[in-house]
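Naming follows writing order (A, B, C, D, E, F, G and H), and every chain is counted from residue 1.
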Amino acid sequence: MMTKEELLEMLERMRAGEIAPSQVVEKLSNLPYEDIGFAKIDHHRTLRLGLPEVIYSAGKTADQVSEIFFRMAASGADVMATRADEEAFAAVKARLPQAAYHRAARMITLRQRAQEAPLGSLAVLAAGTSDLPVAEEAAIAAECMGAAVLRIYDVGVAGLHRLLAQREAMQQADVVIVCAGMEGALPSVVGGMVAAPVIAVPTSVGYGAAFGGLAALLGMLNSCSPNITVANIDNGFGAAYVAAMILRRIRMRLTA
Amino acid sequence: MMTKEELLEMLERMRAGEIAPSQVVEKLSNLPYEDIGFAKIDHHRTLRLGLPEVIYSAGKTADQVSEIFFRMAASGADVMATRADEEAFAAVKARLPQAAYHRAARMITLRQRAQEAPLGSLAVLAAGTSDLPVAEEAAIAAECMGAAVLRIYDVGVAGLHRLLAQREAMQQADVVIVCAGMEGALPSVVGGMVAAPVIAVPTSVGYGAAFGGLAALLGMLNSCSPNITVANIDNGFGAAYVAAMILRRIRMRLTA
Amino acid sequence: MMTKEELLEMLERMRAGEIAPSQVVEKLSNLPYEDIGFAKIDHHRTLRLGLPEVIYSAGKTADQVSEIFFRMAASGADVMATRADEEAFAAVKARLPQAAYHRAARMITLRQRAQEAPLGSLAVLAAGTSDLPVAEEAAIAAECMGAAVLRIYDVGVAGLHRLLAQREAMQQADVVIVCAGMEGALPSVVGGMVAAPVIAVPTSVGYGAAFGGLAALLGMLNSCSPNITVANIDNGFGAAYVAAMILRRIRMRLTA
Amino acid sequence: MMTKEELLEMLERMRAGEIAPSQVVEKLSNLPYEDIGFAKIDHHRTLRLGLPEVIYSAGKTADQVSEIFFRMAASGADVMATRADEEAFAAVKARLPQAAYHRAARMITLRQRAQEAPLGSLAVLAAGTSDLPVAEEAAIAAECMGAAVLRIYDVGVAGLHRLLAQREAMQQADVVIVCAGMEGALPSVVGGMVAAPVIAVPTSVGYGAAFGGLAALLGMLNSCSPNITVANIDNGFGAAYVAAMILRRIRMRLTA
Amino acid sequence: MMTKEELLEMLERMRAGEIAPSQVVEKLSNLPYEDIGFAKIDHHRTLRLGLPEVIYSAGKTADQVSEIFFRMAASGADVMATRADEEAFAAVKARLPQAAYHRAARMITLRQRAQEAPLGSLAVLAAGTSDLPVAEEAAIAAECMGAAVLRIYDVGVAGLHRLLAQREAMQQADVVIVCAGMEGALPSVVGGMVAAPVIAVPTSVGYGAAFGGLAALLGMLNSCSPNITVANIDNGFGAAYVAAMILRRIRMRLTA
Amino acid sequence: MMTKEELLEMLERMRAGEIAPSQVVEKLSNLPYEDIGFAKIDHHRTLRLGLPEVIYSAGKTADQVSEIFFRMAASGADVMATRADEEAFAAVKARLPQAAYHRAARMITLRQRAQEAPLGSLAVLAAGTSDLPVAEEAAIAAECMGAAVLRIYDVGVAGLHRLLAQREAMQQADVVIVCAGMEGALPSVVGGMVAAPVIAVPTSVGYGAAFGGLAALLGMLNSCSPNITVANIDNGFGAAYVAAMILRRIRMRLTA
Amino acid sequence: MMTKEELLEMLERMRAGEIAPSQVVEKLSNLPYEDIGFAKIDHHRTLRLGLPEVIYSAGKTADQVSEIFFRMAASGADVMATRADEEAFAAVKARLPQAAYHRAARMITLRQRAQEAPLGSLAVLAAGTSDLPVAEEAAIAAECMGAAVLRIYDVGVAGLHRLLAQREAMQQADVVIVCAGMEGALPSVVGGMVAAPVIAVPTSVGYGAAFGGLAALLGMLNSCSPNITVANIDNGFGAAYVAAMILRRIRMRLTA
Amino acid sequence: MMTKEELLEMLERMRAGEIAPSQVVEKLSNLPYEDIGFAKIDHHRTLRLGLPEVIYSAGKTADQVSEIFFRMAASGADVMATRADEEAFAAVKARLPQAAYHRAARMITLRQRAQEAPLGSLAVLAAGTSDLPVAEEAAIAAECMGAAVLRIYDVGVAGLHRLLAQREAMQQADVVIVCAGMEGALPSVVGGMVAAPVIAVPTSVGYGAAFGGLAALLGMLNSCSPNITVANIDNGFGAAYVAAMILRRIRMRLTA
């Protein structure tokens, strides 16, 4: 790696006649190009964007989660751990008492940075109560990334009146996340009711021919509502991340 | 095969002492069982039920369709041919001028028997215009089997108000058939709006991850509405057949 | 939300000249439509239909099942819980001593309402003894919803004589439910023997290329008997629900 | 259906004492709710949003496309037809000479409304030249909906330098659409280079184990870049629609 | 059910003039036909064929296996239980001390009938040591059904010389069973070396893209050797059963 | 390659003292082993077994089929071509006028060898008329290989009485081939009615979720009848080949 | 883009005091990094490696193939087009008379560069004659890239002696490519016979459950021979490319 | 089996006139050919190639692993056990104290033979930390087989700069192994950066639509980089084995 300082020093030495221009060219040509070009990228992306650090806890021991969490928190960043059980939380809390646990979302969060005004408005919908873990993962993660979140739960398409009763509320949102398992029909119905981008999250809720979320995934990919894109099965965090990206774009333009 | 007459004759001979009872027992024991038991079944099922004869025309030449159609019509039964093109119809019409062609349904029908009062009420819904061939196959077939059919088309879930506008109409029906491709969400929504059995027919409408109707099929099998069962992909005729069975049961009880 | 009383009051004020008709129109137009239109739907569907409340217990703790069960029972409704183990039953029974457990069906039921005469006749068939949990779920649920149920078990197609011996019995039924795993051939054979709608329930019984019920599911969807529709894998309850819907339709017409 | 005029008239009659308030309440309660509530929704969504009308031409004859196109154009809206061949264009052009054909995108467009300033910036990437039809469908559709589109084509991940050379350009975009077939790896790489939402469009490009776009679809759903959501296989139009939704949200806030 | 005795009695009464022949005909016509026709079939098939009774133990408790085993043994038949663990064997042995356990095959057997001379010759091959449980299930079951079994194990195609060394031995067999997991190539190679029917049994041995035996199953179905048919994944018993059927046919003809 | 003559000559030379025994050992050790061991195998298998030569015509031109057919016929063997159209037959017949075409089976056959007494008895069943091409391929091929074939067609499980009427006939057969598409249930039912090995052939007949024969294939692999093995989809020839193998084994023992 | 010359000039100007070192640093930091780092990569990879240019002709018109071919040939490179039909060849030959067509491989080649000594030895095996197009694509492509190719065709595992006869020949090869469809067993057998890397190419040869090459693909991925890796279905060119890579590595070391 | 000594003795007896040459020919012709031809192969392949013996420990008890390990080590060979847990290691270490455990790789190794100079250079890449078990299995196994291994970990495509920083290092390698789960995009990117054969290993890392490594597997098979072949899911050992084969070929030629 060559820092800006080292580069400057080399150029000064060349100007001083200590090394020839051709030597500098040679040296620069053989440098890993990213030594220069990637200076900005070297700042870790999430830090640069002001987003929290994230740990995917599935398959990690409580100690591992705790250790990574602690290390990330040391930088002053907000930190969140997804798919974390209570044992992992206990291990984190032992070192970082201000960390919080969100049981329904299976998440640990630590807010350290000054909170800005909300980014914009996100509605998170869940078709049934079994979809709540995924929906809450989306909601908590989005809040942690600065979004104002409106939760609209238990509005499956078989009981349409409950969904219709929330129509005006959801039409206010800049982005809508819809979590549904089984046949995954909710995003199509919601997509027809709002004029905002809808991020559909298939959940692994269901049995038999639900095939672990495959039925919902295929349903959402084939939605007859055109304003829908799809995240991976059970990927509430990913949906929240994209929603936050969209909201940031809005604020970026507002403040530009 | 042993007819009732032959059986009677044998018993008379036994009464006359010409053959011994044990001989009769022996003979009856060794008969192919169906000689006795299946007398009722020997009457072809569709004839016995008063249902039309049906020809599945896909993969048959116009001449083959025409030939089978003609033979079936000879018995005086109503006849219908599904998946039939205009060429097949021309071949049928040449021999049976009173046959009718239903272009949207790709069906040929011939009504020969006195029409009874309608069996009961069936609503046939289609999500989009591309689902019409399947929906019309269901509607025409059901009418041919005696149902009064209410068509409710182009009521996909992305434009919910059109569907809601038909709520009262569809709530009158004894049975509801719902045809939908793509994500196949319509049956779930309809299922929540009616208190009748819903027969869902996935169609092969769609592209990409629709996989020829698989997405809609899985969606319907996993419906969160409990009053739904599912027919094979594009099987409008099968749905109509089951609907007619249900309607017949109602009338059977009414007239019992 | 606007209650009938509020609406009446508003109209009275208009008649009194306190507000103009156009103001009323404006107000009504902007109301969430469901405030008015969904009055009937606000009555929970199952209550309105006189059907029992249902709890899907899989993935719920004994305490959760017990709590929901108790709350539902408080309304005076019949209640049933599917996929419930004995621990859940113990928790329910502690609060509702009159609740009953059906081990083979893995169901808890509580009958509180006056029992009406049976809705009509339902035959529930199971191909093998391994299919019994699904068949019993169908049978118990259907009985709980008012059907008279005839159980015909262990009549797999490899031993045809046992099935044929039940032919007349099953031909009496208004609706037939057929549960089968492995190759799922039983509905096709039964479908050819009865003149009633057949609801096929694939079970996850089998191994190897049974793929958790997929083989049976595909077999049933492709049945050569036209009077068959299909429920989700292992979904005995869903089949019973549709059967009950059909039987209700029959009685509804009879008493109309 | 009850119009505003009819409603007004009824209220006037009530004020005149011709009918009682309770009668009005009764009548309103029994109205299909959408007669009142859906007035706003009755305006077709695309018109209301100022978006063009769209025709999916696959499976339609040139005459059908032309007929629908003409009817839609009559309302003064912008119109576009996707998956349209040259024969369809000829049929459209015969009636609407100002219609344009975009060969690479297989689209027909007609711009009739005054063009507003671009909505914001969208980058459309394509991995290979075979992905161009899908990418162009996205680009043309997005332009037709008001976006300023930057095309970055032939930047597959096997030749990374071509992609890296476009880094700064694509980092300007508010939204990024990435079209790729085969292994569908491009969105993951692009996702790591931009701080904007990325809409991944798997294409059916490839052979063998590409399985008509399935490999690319699965790859994109499982992307290790968190800022990615996925559209259906070959669904360039859908991606453009969602991108336009996002851009509209930005402008909506800017002008609010 | 009507026994032969009851039938005889009825006929005697007719001869005595107590009942008319037409009454007998009526009665016989309405009998479930199988009461007469299936007398032979009523003898349980396995008993009739002299084959052992079989219990599939997977999913059954040790007590259930023991109970069924005991009941079957009471008839004097040979009995075998597949997929049985040692606990089940202990339970069986407590009641039937002469029962034997075959650990590698996971089978319990009880031989009670006089052993006939072997039916003929069966070769059972296994590709690897992990395929032994399936191969031993086939071998033990076939022996229990009367076959002389030659075991040829650990002859996977990657070490061809071990297989070639057994060529002459396997060419003596009347039937060959080949068990293989992973790519399932062994039956194709063996098929080319023998002039006997080969029954291929895919096993669930393997990992990753073996997909629980699917790779081996597809490989065997597509074998380039024409003398191969395929059993279900891990179905050693089924293969043995078919092999025994073939061997019985040979002896049947020899002794005819 | 070393012929027997060359080997003999070498040994004679050793005996004559021209070469040393150790040289012979060395030479033999380094020979490709198959030079000695495979002499018997070098006789083409089908010729050695007295089976006809077979050409799989799909994907071959009429000229190619004709050329291969002619070359094979030159050896005096019986020859058959499967999946052959009339054009291919015309090309064959031009050179071999005694060749015969079997339209339903899509096969060309040429019998040149003296016909032996039939090998034994094979029953070929087909569920529906659409399964006939596969069933006829099996029947014609088996006849060509020496079997006496009993055809039992159009005996699908939805019309059980037609199948039951053939029970005694099919119980005579040494081997049974059952061809069925759609749900593929026929082999399970037949398997329960006969005490012979059943070879199930799934056909690609069906539509929608039949998935080109996959539904039938899975159904047959999971049959509850234990005497069933399965051939590839539409592989009538393969089933006939295995059946012939079984029948040959019977005769081999009879004549041993 | 900044060339070495421009960089040198800038540095000279800095040395001359015309611009400050900090300006140079700034300029370099903001350069697209690849302007410097990718100089070597800018030489098209295939040219740099001395490999031919390649055109995948499927889905391209004869004119398009011809045009791209001509353009590539202009650089003096060797050029090859895969999946090319005779019409494409005619179009190419019209402009480049020295181009050659390889019918079995469906390839057009043009050799313009001086031929080096062969890279090393590659054996290309094909299981059946239907696999030849893929095998020839591999062979011709590998020859075009400098390999000495030994073709060993029609050595399917059902006729093992033909394969064994080629054992010594194939053991000489540095790399082995094995093309097989149907069950794809050949690579496993070959893998056990050679001590070289084996590249397995599944072909789409087969029918029914071959599923377009999926059965062969899964078989090869699960091979019990450890020296096997797998290319995409029908991807003869890709296998040749990797083989050439391996051979180049050998020569690279030899000449290093 | 006939040993060289027995063969020599037979030939001496022939020379002595005790047996005739024709008797020798007869005897040799009837020998299992491999008795002679396979002498070289009878040396176990891994021993012959100087490769370590390998035990796949999954599904084996600690005692079984220990027993096999001990037996293999007795021959003086290097031994390695893959997928081995610490319990298995403890059992091995009790008998072979010099055995080593590699926790990340889940491997036990025992080096007994004199270590030769490294075979050549292998780079092993892993996309994420979850892919390390597979990558380490590849790395440790390759080292055990004599390769010099360069580990490049945590270089997923979403953080391209980390990968680019390793470009020159990886370009030195003779072979590259790339392990990646989720979308499996890393091999495509790496393939474009090196001029060496790339062996892609899909891992089962991921969730939802990753389907246990299927998404990564399909992605790698469809890579747009032509220098890639693919191993089975999680098969780090297999990739190392092929890499070692390639490196041996290089050294073989160097020392030839």
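FYI, a contact is a pair of C-beta atoms (placed from the backbone, for glycine too) under 8 Å apart; a residue touches a chain by one contact, two chains touch by 3 or more.
All values derive from a computational prediction rather than experimental measurement.
Participant: Just to be sure I understand the contacts, which chains border both chain F and chain D?
Facilitator: Touching chain D as well as chain F, we find B, C, G, H.
Participant: Taking each chain's centre as the mean of its C-alpha atoms, which one ends up farthest from the centre of chain E?
Facilitator: Farthest by centroid: D.
Participant: Taking each chain's centre as its mean C-alpha position, how far apart are chain E and chain F in Å?
Facilitator: Using C-alpha averages as centres, the distance is 25 Å.
Participant: Compute the distance, rounded to whole Å, between the mean C-alpha positions of chain D and chain G.
Facilitator: 40
Participant: With centres defined as the mean C-alpha position, give me the chain B-chain G separation in Å.
Facilitator: Their C-alpha centroids are separated by 56 Å.
Participant: By the touch rule stated above, which residues of chain H touch at least two different other chains?
Facilitator: As it turns out, chain H has residues touching two or more other chains at 32-34, 38, 45, 159, 164, 192, 208-210, 214, 217, 221-222, 232-233.
Participant: Hey, which chains are touching each other here?
Facilitator: Applying the touch criterion to every chain pair yields A-B, A-C, A-D, A-G, A-H, B-C, B-D, B-E, B-F, C-D, C-E, C-F, D-G, D-H, E-F, E-G, E-H, F-G, F-H, G-H.
Participant: Name, in rising order, each residue of chain E that touches chain F in their complex.
Facilitator: Listed in rising order, the residues of chain E that touch chain F are 45, 48-49, 54, 120, 174-175, 192, 195-197, 199, 217, 221-222, 226-233, 237-239, 241-242, 245-246, 248-250, 253-254.
Participant: Within the complex, which stretch of chain F touches chain G?
Facilitator: 32-34, 38, 41-42, 45, 58-59, 202, 204, 213-214, 217, 232-235
Participant: Could you list, by residue number, the parts of chain F that touch chain B in their complex?
Facilitator: Touching chain B: residues 130, 159, 161, 164-165, 167-168, 207-210 of chain F.
Participant: Quick one: in the complex, what on chain D touches chain C?
Facilitator: 4, 7-8, 11-12, 14-15, 17, 21-22, 24-25, 28-29, 31-34, 36-39
Participant: Inside the complex, what are the residues of chain A that reach chain B?
Facilitator: Listed in rising order, the residues are 127-128, 156-160, 164, 182-185, 188-189, 191-193, 206, 208-211, 214-216, 218-225.
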